[in-house]
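My questions all concern the structure below.
Which chain is which? They are A, B, C and D, in the order written, and residues in each are numbered from 1.
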Amino acid sequence: MRFFSDNAASVCQPVLDAMAAANRADTAYDGDSLSRGLDDAFGGLFGTPVTVLWVATGTAANSLALAALCPPYGGVVCHRDAHIQNDECGAPEFFTHGAKLHLAEGDGAKLTPGSVTAVLDAIANDVHRVQPRALSITNATEYGRVYTPDEVAALGSLARARGLGFHMDGARFANAVAHLGCDPADLTWRAGVDVLSFGFTKNGGMSAEALVFFDRTRAEGVAERRKRAGHLLSKGRYLAAQIHALLADDLWIANGHAANRAATTLAEAAAGRLIHPVEANELFLRMTPDEAAALRAQGFEFYDWAAGEIRLVTSWDQPDAEVAALAAALRAL
Amino acid sequence: MRFFSDNAASVCQPVLDAMAAANRADTAYDGDSLSRGLDDAFGGLFGTPVTVLWVATGTAANSLALAALCPPYGGVVCHRDAHIQNDECGAPEFFTHGAKLHLAEGDGAKLTPGSVTAVLDAIANDVHRVQPRALSITNATEYGRVYTPDEVAALGSLARARGLGFHMDGARFANAVAHLGCDPADLTWRAGVDVLSFGFTKNGGMSAEALVFFDRTRAEGVAERRKRAGHLLSKGRYLAAQIHALLADDLWIANGHAANRAATTLAEAAAGRLIHPVEANELFLRMTPDEAAALRAQGFEFYDWAAGEIRLVTSWDQPDAEVAALAAALRAL
Amino acid sequence: MRFFSDNAASVCQPVLDAMAAANRADTAYDGDSLSRGLDDAFGGLFGTPVTVLWVATGTAANSLALAALCPPYGGVVCHRDAHIQNDECGAPEFFTHGAKLHLAEGDGAKLTPGSVTAVLDAIANDVHRVQPRALSITNATEYGRVYTPDEVAALGSLARARGLGFHMDGARFANAVAHLGCDPADLTWRAGVDVLSFGFTKNGGMSAEALVFFDRTRAEGVAERRKRAGHLLSKGRYLAAQIHALLADDLWIANGHAANRAATTLAEAAAGRLIHPVEANELFLRMTPDEAAALRAQGFEFYDWAAGEIRLVTSWDQPDAEVAALAAALRAL
Amino acid sequence: MRFFSDNAASVCQPVLDAMAAANRADTAYDGDSLSRGLDDAFGGLFGTPVTVLWVATGTAANSLALAALCPPYGGVVCHRDAHIQNDECGAPEFFTHGAKLHLAEGDGAKLTPGSVTAVLDAIANDVHRVQPRALSITNATEYGRVYTPDEVAALGSLARARGLGFHMDGARFANAVAHLGCDPADLTWRAGVDVLSFGFTKNGGMSAEALVFFDRTRAEGVAERRKRAGHLLSKGRYLAAQIHALLADDLWIANGHAANRAATTLAEAAAGRLIHPVEANELFLRMTPDEAAALRAQGFEFYDWAAGEIRLVTSWDQPDAEVAALAAALRAL
């Protein structure tokens, strides 16, 4: 029973159906009608005109966003535990041509205006230091925490005041929105976000992410960067189809809810072990090696995180029976 | 009726079936059994141990291959009309961190030992000139020509003698092998090829290419480069599934034959107009603007290539009726 | 007797004196008064406000200029025989992060609006092709030819019409101005040049070039790029001192004249052998290997250029006796 | 009275004399006899064969060294306060094409096997994390501390055990050697250092650093990287001359002693204020803003470092009277 990553989940049926429906010849690359319809689809969702590009991975989405916001000689402020810092093998540095990540602190991988300001103020404004040019946050965070619209807006104000482009890594944006029940616009452009990596792969898609530019002037050159990174798929309609299928009838939110619900059930079962509040679909639990071994012996798969800690991740397709079984096993420890 | 690119073709049913069959949770990235089975599958096909990585696009495959063969301060000899020079928005320069493409001549986008030697000998061996470190050819070429095993071997000998890594862009490798009826090994590693971009996307796949390292020592660091380029898809099993489906029962060759056959039919119908011999699935025809307009008026879609020239590309899924219709229309001009 | 390169010449006395005079502690980097005085010094020379940075080499000057004009995914149109293409080991690609050089034709390494247009028009305006973003010419050229103000202006108009930044590699700008006797402003910003690499090293300096931005908005980020390339010397005052010394009393033009005069003398002696008109301080001569050997036997050093061709370069410090001796030897062949 | 940086010091007379003596035409770039003599000169000094390249700045030396040791997808472990992290505007990232600096802790900017191991062990060995490939230390450190041969050797053993190339930033190597009185070989290659940035600019030179490869196989490609970074000066003999002049009669050590001696005098005068032990030519003192203002009012120039802290740097050419005056002023506070 898989609780190690939503990365490994299956693809939901409407997505598969939409891909099958796209299986006729159409114009190549992103000239097909599905791809061309993305700007409108996201414009409708967010209530503002946007420029959207599909890519196949979150790493590509994040890195293209950062390249759009930060010159090679600039820096990106992010959390010390950010995915862009730890889990992309230096992709941001590759796409930006060597920008530096300035690492900030914060509980649960959440930045605050205070922690960002501390980083900014420590960087002398001269040619010897890499000057920050962008701010990147992850929502939901790498520890399953969720920024509220107000928290994002506070960072957005700071970003604007300091001349920083503002990026949100939304690999689990659906989980955040499902948790908050808010208008996606309030969590993004109304809070100052310039570019969003809107993830679908972890949430019922196969391999599709939307790079959403709220500040459309920031999109200059990004189509060229995508092509040059080998990310302009020649049959892009199959990617666009995935995204449209998940946007339809707010399926993306429903899938986010499903994953979050499973996590909530597990959180209740392991309340005494929680290292971080559970707001999305990830749980970090205190657990001895013996306890972890006991769970594994019952067929549960998950990551050891740090000494005495494990990570559980639930997915949109997690069977109720598996969740119930794990909840029972956690209580029984 | 689409004759503008095999890039836009549909996905063949066995590929769709294999993707559907892969739709259960499995380990993420390339740790799943399908991905882990690629080395063996290609090792069997080529009769030699190989290291294989999937990627989603030919541009990514080519660029990763060149980055593996050429340092940032080196150069890659290729044809003036090579896809890597003209159609990838500088992806080779991006992935290699600024290597230079040294452009060579040759009919039908085919290099010869003579044309490559002319480029090599014109580059003084000092620190001021970018020193060639790799040779890249495309088979079938951008003009639908096919290198024979002997022709590849002659270039392979030259590459080895001059200390160049040898890459083959096989976006249409299937069409070349189908045309030649040869052992794929004779067209590649036995002829000195170090790395092959083995294309499946144009040949019935959705978005899947195999980067095949015959010289496995050249693969050092390529997994990291793939990850860092955002090309390590989290649900890689769907890519691997496509490739396995096309390798099974030599479906890839059958699909290549189908496309080539359509091209041959058209070539016979337009024999007097051919600019290049038709050996794969592309035709370049002399044609006046009025003639081109007349074809388009009948519903045929294709590219204008140069003044007085058009390009036709046939696909694995080209309906016989469309081919017959276009052949008739060409004869009728 | 050295006729192989002005690169190897000595440093003129006023430069050495100025460097010695700078040998007192002052603020580091480019904060010293000599460095801070460069904008004004060049502003006076060119009759327009400019932003100027010193660097130690022409390669650095050219590459920083191109990085300022061209994004990583763009292209630079230059002559096939340009120094930036052939003699900098890929420095433009390094500094621009992988921009492509689009090679154009022209006698004597001189571009024309026609030859540039031919290159531009062959590049389809889509995301697959690297789009030109800059034009770079060398004046005097790599073959010792000189663009007139009108010729530069014609290219400047084209650049503006096509949206290209316009760079002039002026490693031998002094030789060009000395030849033309024109106002430096007419040869540069009044003719549409955005950035000039103004060379002093070949013209009596030790290691000093000025990167002159006529379009000051183009200078954004260039100080950071210089620092990050290791070109912000900590004792920059010694570089600035060289430049001020050569600007004073138009010493740079006098030195240019001296080198040109020597070349003219040699050109008269070898008139029948000239491959290119001699307009600056370089001569390209038809010469058999035996003749070349005979000259070398008399102590003259120079480069073999191509089969049956040699290159001679004269310097600001070329002794009259050496020039006379070589002239006599050439006549005697 | 300048105590803000040894970067701003004057050039010592033997260096100026050597540069003047080099002022005759010779072969360009690094083909002259002075440049070609560097391998032997340093080979003699270190008692082992070495490959040496001059460059004009420490930033270039460090960055070329790191590019030689670390691929674009690798990482460099260094101290959080290292010059390569904080003071080079991302030059290491530029030259390495985006490698990541992994930041480690340690008093006085000194790493220990423990602090390095802590960083290494926190990085999971998978393709998602940037894998460390090099270790870089600064000796003397950015806080004026000195690693002993044993301390370097302990780090060298760790580097070898973990497969890391080992670089020493020796911008103030002279100060370290002068302090230790040790054989330079014991502080470098005998302790496992693969590449040394040997600084001369801060120590009586004008702009000259030697990049010394003890592991000569690591030097592959570095000449090309230097050229491509615009650091192959055409009149390299003036750089080589500086280095030879400082190596002669151990002038570099004498200059290091002179600077250290001045620092020692100041340290005795301000013993109660020292934040770090004074082992080289830098002092970090606790000081209120009022005290700092009082010193400045007496004509002493220095940097404010952090709240309540100042930095003093002494130079080889610091007049005794200035040192005595500052010592007195410090005592009088």
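Here is the rule we use: a contact is a pair of C-beta atoms (placed from the backbone, for glycine too) under 8 Å apart; a residue touches a chain by one contact, two chains touch by 3 or more.
Given the structure is predicted, the values throughout are model-derived calculations rather than measurements.
Farthest from chain A, judged by the mean position of CA atoms in each chain, is C. Across A-C and B-C, the chain pair carrying more C-beta contacts is B-C. Remark: chain C and chain D have CA centroids separated by 34 Å (rounded to whole angstrom). The geometric centre of chain A is 49 Å away from that of chain C, both derived from CA atoms.
Measuring from the averaged C-alpha position of chain B to that of chain C gives a distance of 42 Å.
Touching two or more other chains at once are residues 29, 72-73, 88-90, 93-94, 97, 127-128, 224, 227-228, 232 of chain C. Residues 2, 5, 7-11, 16, 19-20, 23-29, 55-61, 63, 88-91, 93-95, 201-202, 206-207, 224, 227-235, 238, 315, 317 of chain B touch chain A in their complex. Residues 72-73, 75, 86-90, 93-94, 96-101, 127-130 of chain B are the ones touching chain C in the complex.
The part of chain B that touches chain D in the complex is made up of residues 29, 71-73, 97, 127-128, 131, 221, 223-225, 227-228, 232.
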